[in-house]
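Next come two complexes built around chain A: one with chain B, the other with chain C.
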Partner chain A sequence: MKFPTLIQFFTDPILRAPAVGSMFMCLASSLIGVITFVQRRSLIGEALSHATYPGVISGILISALWCDPKLSLPCFPILIGAFLFSWLGLIAIEMCERRLHLNPDASLCLILSLFLGLGVTLASRIQAIHPFWYQQGQAFLFGQAATMGDVHIGLYATLSLAIVSLIVCRFRQIELIYFDLGFTQSLGLSTSLCHFFNHFLLILALVIGMRSVGIVLMSGMLIAPAACARQFTDRLGSMFIISATVGILSGFFGVHLSVCIPLFLCKRPLHLPTGPMIILVAVLLTFLSLLFAPKRGWLARMLRIRAARLKQQMDHLLKVLWKRDTAQASYLRSELGLSRLSLYFLLLFAKKKGWIRTGEAVTLTTHGRCKGAYIVRLHRLWELYLTSQLELEERRVHRSAEEMEHILTPEIEERLTQLLNNPTRDPHHQPIPRKGDT
Partner chain B sequence: MNPYWGHHFFGFFAILISRIWQGLHGQLTWEDLATDEIQILVLLLIAASSVLVGVFLVLRKMTMLANSLSHTVLLGIVITFLLVGQTQGAPDLKLLILASLITSLLTAFATTWLQRSLRLQEDASVGLVFTTLFALGIIGVTLFLRNAHLGIETIMGNVDALHLKDLLLTFYLFLFNACITLVFYQRYALMTFDLTLGRNFGMPTLWLNHLLMIQTAATAIGAFRALGAFLFLAFLVLPPLTARFFTYRLKSLIFVSYLIGAASSILAVALSRHTLSVYHTPFSTSGLTTLTLALFFFIGILYRYVLKSRLLCVLTVLFKRRHLSLRVRYRSVLSKKEQEL
Partner chain C sequence: MKNGLVVKNLTVSYDHFSALWDINFEISCGQIVGIIGPNGAGKSTLIKALIGLIKPISGGAEFCGMDLKKNRKRVAYVPQKKGIDWQFPITVFDVVLMGCYGRLKGLKWYRRSDRDRALQLLTLMQMKHLHKRQISALSVGQQQRLFIARALMQDADLLLLDEPFAGVDKTTETLIMQVLTELKAQGKTILIVHHDLNTVEAYFDALIILKTSLIACGKTEAVFHLKHLNRAYGAKGVIFDEAIRLSLSRFSGLR
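What follows is the complex of A and B.
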C-alpha cells in the first residue's frame, strides 16, 4: 500500500471523513479548553470525559432495543447518552463539593472512578449480547476516526460550528466572568447562568471529541492547545484563535500519522487508535511553544537571564578596570570570581564593543573609560542618595549600590543629580566622576 | 469443576463458608482453589494494599496524583517490557517494582519540570503529563507489544483471568506495602497532619513523597491485571472517603476502610456469580466491585447526614433519661435540706 499524500486526506473518499471530522472535533475541544484553562480547572474535563463512558454504553444498550445489531452503530443515542451522563457527573461533583464538603480533588477522582465502574459493568452486559457493537463501543475509549463516514462529518461539523458561534456570540460574557467576577455581579448579570452555559459548552465539546480523541485522552485535548496558545498571547480573543488553530492542526496530523506510521513501521495497515496520535501532536506543539515561544518561552527566559548576567559582569569588569587603568588577566579573574573560559569570553565581548585593549595586560580605551566612569558615578550617586535622603548608615549602603548600578537608567541619574545638587563627593569621601567624563 | 457453578447469592455464601471450614481442616490444597476464591483473595489483598496507601493519599489531597499515576503505569509496563525483554509467564515482583519506579519517577519529574522550568500552571501540567504518557503507552502497546488487548484491559480489568500466580504476586505486593507503611507509619501520619512540623523535625519530606508515589504506582500495577488501572482508583479513593463518614482517627480510618474494601470485594464476587447463574449474564466483577463500593459510600452518606443525628438522639434519650432523673431527684433532695436548714 502506498503512502497517501496530504491532499489525498481531503479528496480520498475513505480518508476524507476521518481527517476532516477529527479536525472539527478537535476544534471544539480546543476552544472550550481555553475556558477551563483560564479557570484553572483543567482537570474537571478529565472527570467529565470519563463520566461519558457509561453514557456511551447505555446509548448502545438502548439502541440495541430497536436496531439490527449487525448494522453499524447509530450515532444519536450514543451522543445523547454521553451528554446526559456527563451532565450527571457534573452535578454529582458539585454535590460532593458543596453538600458533602469533600475537597475538589477527591470528588473528581471519586466521580471518575464511579462512573467508569458503572460503564465497565454495563459494557460487560453488551459484550455478552452484542459482541460486534461492543467492539465498536470500545473504539470510543481511545478514539477511532477511521470508521467515520460523510454523514458523521456533517453531524460533527454542525455541532462544532454551533460551539464556535455560541462562543463568538457570548464572548463578552465569558471574558467578564473569568476576569472580573465581582464586576459581572454588579452589572446584574446572572453568574450562575454563565457558568451553566459554559458547562453546557464543555460537555458538548467532550461529547463531540470522544469519537476521534477518545474518552480517556479527551482531557489532554482540552489542556494542550490552550496551554500552547497561552504562550503566545495575553489576550483572550487571540488565545481562542491560536488554540483553535493548534487544535485543527493536531486533529489533522494525528489522523495522518495514525494512518502513516503503521504503514511505515509494519508495511501493513494496523489498527492504531487515533486518540494517542492526536494528543501526541498537540503535546509536541505545546512543548515546542513552551520552549521557544517569543516572550514566555523557556529559551527566551534563559536568554534574558544570560543577558542580565552578562551586563552585570561587564559592569564589574569596567568598574575594576576604571579604578586601576590596567590589570593582569589573573587579577581580573580573582576580582570578578570568574573561570578562565568565561573571563575569556567576557574580554572578547568587551573588545568587540571597543571598550578595552588586550595585550600583556588589559587596558581601557577612552570609550571604555567613559563607560566605567558612568557606572561608578551611578554607584556613588546611589550611595549618596541612600545616606543623605534616606538617612541610612554609610557602611550599609555599598551592597545596595552594587545591585542598583546595573538597573539605574539615565533618567533616574538625571533626577538624582538634581535632587543631590550635582554632588562631587560620595559618603565615603571618594570623588564622583563628573557628568562630562562619562 | 467450579463448586460455585449455578448457585445464587446466598448459596454462594453457604458454599464459601463450608469451603473455608474444609480449608481450615486441611482438606483442601492450594490447587483446589476455585476461580471465585482466587478472585476474592486477590481482591482482598489489593484492597489491603490500596487502603494502606489510599488513606494517606486521600487525607493529603493527592488523589489526582494517584489518577495520573494510574494512567502512566501503562507506559511504565511497556518500558519494562522493552528493557527486560518479552518475559512470558509469571509476573515478577522485581519487574513490578522496577516498572513502578520508572512510572512514578517519570511522572513526578515530568510534572515538576513542566511546573518549575517551563512555568506551566499546576493543573495543566498534571493533565498534560499523564495524557501524554498514557498516549505513548497506548502507542507502545499497539506497535511494540502487538497487544491491543492490553490497552482495553487497562480500563476494564480482567478479574476472570486470574491465576494462582497473580495471587502470589498480590500477596508479595501486600507484604511490600505493609512493610513500608509499618516502618514509615509515624512519618506518614506526621506528614499528613502537619507537614511543616515534619520539615522542622528534619524529615526528608520530598523522599517520603516519592516513596508514597512509588507505593501507589506499585499498587496500581499489582491491581492492573485484576481491576484495571482506573477501577483501582475506586479502590484507592472510595473506602477512605467512606470511612471518613464513620470515624475521625487515623488507625480506625485504616481499619474501617479495609473492612469496607473487603466487604465490597466479597459481595461483588458473590453478585457476579449470582447474576451469572440466575440471569445468565456475566457482569464484569471489577465493575461490580466499584458499584458495591459506591453502595457503601451511599450508606456512609446516609449514616453521616441522616442516621447519625437520629441515632444520637435515640441514644441520648435512652441513656440520659436515667441520668437526668437522678439529677432531678438529687436537686429536690438538696432543696429540701436547704429548706430544713
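What follows is the complex of A and C.
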C-alpha cells in the first residue's frame, strides 16, 4: 500500500471527507476556544461537551424508532439532541452559580458528572435493546472521523463558516465584553444578549466537533489552540487568527498521521483513531509553543536569564582582572565563586571577544583593560551618586553599586558625570577611572 | 436646577443590607466633585448605581434634565483597577480605542479619526511610546492613566472615576489632576471617589460625604469640616487622621 500524498487527502474520495471535515471542525472549536480561554473559563467546554452525551443517546433512541439501521448514521436528531442537552447543562451551571451560590468550578464538576451519569444510564439501557445503535452512539464518545462522508463535509463546513463569520462581525463586541464587563454595561449595551450569543456559538462548536474529536476530548480542542496562540501574540485579533491556523493544522495532521502511522509501522491500511490523534497533535503544538515561543516561551526566558548572568559574570571577571592586572585561574575561581567548568567557558568567551590573554596566568588585553575600567567607573560613579546626592551611608552603597554596574547605560553615565562634575574619587577615596581610559 | 447632576431618592441594597440609603443631592456642571467616606460607605456603589452597573431599589439620577439611563453616551466611567483582567491579550492602544465603541455603527470598525484621537490622548497622558505594549507590562500609574485616556476617548460630559489615585505615585496624580482641571474648564463635570483627606481641599470644588446615607453635599469650604467628618468617620478616626495630617504638614514645612 502506497503512502497517500498530502494532496490526496483533499482529492481521494475516502480520505477527503475525514480530512476536510476535521479541519472545519477544528477551525470552529479553536475560534470559540479563544473566547473561553480569555474568559478564564476553560473548563466550561469540558462540562458542556460531556453534557451532550445524554442528548446523543436520546437522539439515537429517536432515530432507532424511525430509521432503517442499514442507512448510514442519521445526524440531525443526534446533533439536535446534543445541542439541547448541552444548552440544558449550561442553564443548570448558571443556576448553580447564581441562584444556589455554588463555586464556579464545583458547579461545572457537578453538572458534568450529573449529565454524563444520565447519559451512561440511558446508554446501558440501549445496549440491551438496540446493540447496533449503541455501537453507533459510542462513536461520538471518542469521535470517528473515518466514517464521515461528503454530506458531513457540507454540513460541518456550513456550521463552521457561520461561526467564523459571526466572530468576525462581532469581534469588537467580544473584545469589549470579555475585557471589561463593567465598562460595557456603563455604555448601556445589553451584555446578556452577547453572552447568550457566545454560548450559542460555543455549544454549536462542541456539537460540530463531537463527530471527529469526540465528547471526551472535545475540551482539549477548544483550549489547546488558544493556549498555543496566546504564546505568540498580545492582541485578541491575531490570537483568533493564530488559533484558527493551529486548529486547522492539527485537524489535518491528526487525520494524516492516523492514516500514515499504521502504514509506516505495519504496512497495512489500518486506521488509528482520528479524534485522539487530532488532540495529540494540537497538544503537542501547544507544548512546543510553550517551550519555544519567541518571547513568552520557556527557552527564550531561560536564554534571557542566562545572558544576563553571563554579562554579570563577565563584568566581575574584568573588574577583578583590572584591579590585579594578572591572576591565576584558581584565584579567579574563588573570587568569582564559579565552578571549574563555568570559569573555563567564561574565559573562552572573553578570549574570543579579545578582552583577555590566557597562558600561565590570565591577563587583560588593552581592549579588556578599557572594558574593566569602564565597569569600575560605573560602580564608583554610582556609589558617589548615592552618597553625595541621595545622602546614603557609605557602607550601604556598595551592594547597590554591584548591581547597577551591570545595568547603567552610557547615557546615564554621561548624566552622572555631569551631575557630579566629573569626579575623580569615590566615597571610599578610591580613584574613579577617567573617561579617557575606558 | 436643570443644569447638572441631580440624584433623587437613590436607595441601593445588596442582598440583605442597604449600601445606600435615600441619597438626594444636586451638583451643577463644570466642577470637580470628590466623593469621600470611610470604607464600605457606598462610594463605589453610588458610582455604579449612577452608570447602571447596579440596579437601585428606588430613585435615579438626571443629568442636564435627562434620565441618566437614557443618556449613557454622555457618561464616561473609569473602573477600579482590581476589577480588570490584566493578562487579557490586548494592547494599550486597543484599550483606548474602546472608548469610542459606543459611537460606532454597523460592523464597529474604528475609523482613522478615532485612531488619531486615541494617539493624541495617549500623548496627553504621556504614554504614546507604550501604545503597543500589553497592559500587564504597565506600572500602576500608567494603568490608571490608560483608563483615564479611554474615558476621555468617550468624549462625555460627565466623568465618574472610581478611586483613580489608589496606589498611584505623586507625578501621575498631578498629571491626572492637571488633565481633569482642563476638562473642568471645558465645562465637564467630574466625580471622583477619593480616599486621601489631605488633598481634598486642593482638588475638589465640591464634596459629597457619604456613610450609607448622605452626610453632606456642597462647596468644599462649606462642607469639609470636623462636624461632618466626625459623622462620617466616627470620632476616633478623625482625630487620628487629623494628627497624621498635622504631622505631615509639620514635616513637609521642615523640609
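The working rule: the second predicted complex is superposed on the first by the 420 of 438 C-alpha atoms of A that agree within 3 Å, B and C clash if a C-alpha of one lies under 4 Å from a C-alpha of the other, contacts with A are read in each partner's own complex, and residues count from 1 in each chain.
Everything that follows uses one rule, which is that contacts are C-beta pairs under 8 Å (C-beta built on N, C-alpha and C of every residue); 3 or more make two chains touch, one makes a residue touch a chain.
Keep in mind it's a predicted model, so treat the numbers as computed, not measured.
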item: Simultaneous placement of chain C and chain B on chain A, clash or fit; value: fit
item: Partner chain in contact with A:M239 - chain B first, chain C second, else both or neither; value: second
item: Touched partner set for A:A123, first chain B, second chain C, both or neither; value: first
item: Angular separation of chain B and chain C about chain A, which is computed from CA centres of the superposed model and rounded to the nearest 10 °; value: 90
item: First (chain B), second (chain C), both or neither touched by A:L141; value: first
item: Partner chain in contact with A:R40 - chain B first, chain C second, else both or neither; value: both
item: Which superposed partner A:F183 touches (first chain B, second chain C, both, neither); value: second
item: Which superposed partner A:D325 touches (first chain B, second chain C, both, neither); value: neither
item: Touched partner set for A:D150, first chain B, second chain C, both or neither; value: neither
item: Which partner reaches more residues of chain A (counting touched residues only), chain B or chain C; value: B
item: Touched partner set for A:D437, first chain B, second chain C, both or neither; value: neither
item: Nearest-approach distance, in Å, of chain C Cα atoms to those of chain B in the combined model; value: 10
item: Residues of chain A that lie at the interface with chain B and also at the interface with chain C; value: 40
item: Touching residues on chain A, where the partner in the complex is chain C; value: 38, 40, 169, 171-173, 175-176, 178-180, 182-183, 185-189, 230, 233-236, 239
item: Partner chain B, residues of chain A touching it in the complex; value: 37, 40-43, 45-46, 50, 100, 102-103, 105-106, 108-110, 112-114, 116-125, 128-129, 138, 141-142, 216-217, 219-220, 222-224, 226-227, 261-262, 265-266, 270-273, 275-277, 279-280, 283, 286, 290-291, 296, 298, 301
item: Of all residues in chain C, those that touch chain A in their complex; value: 48, 51-53, 69, 72-73, 75-77, 79, 83-85, 88-91, 94-95, 98, 101-102, 104, 107-109, 133-134, 150
item: Footprint of chain A on chain B - complex, ascending; value: 58, 61-64, 66-67, 71, 114, 117-121, 123-124, 126-128, 131-132, 134-136, 138-139, 142-143, 148, 151-152, 155-157, 228, 230-231, 233-234, 237-238, 241, 281-284, 286-291, 293-294, 297, 301
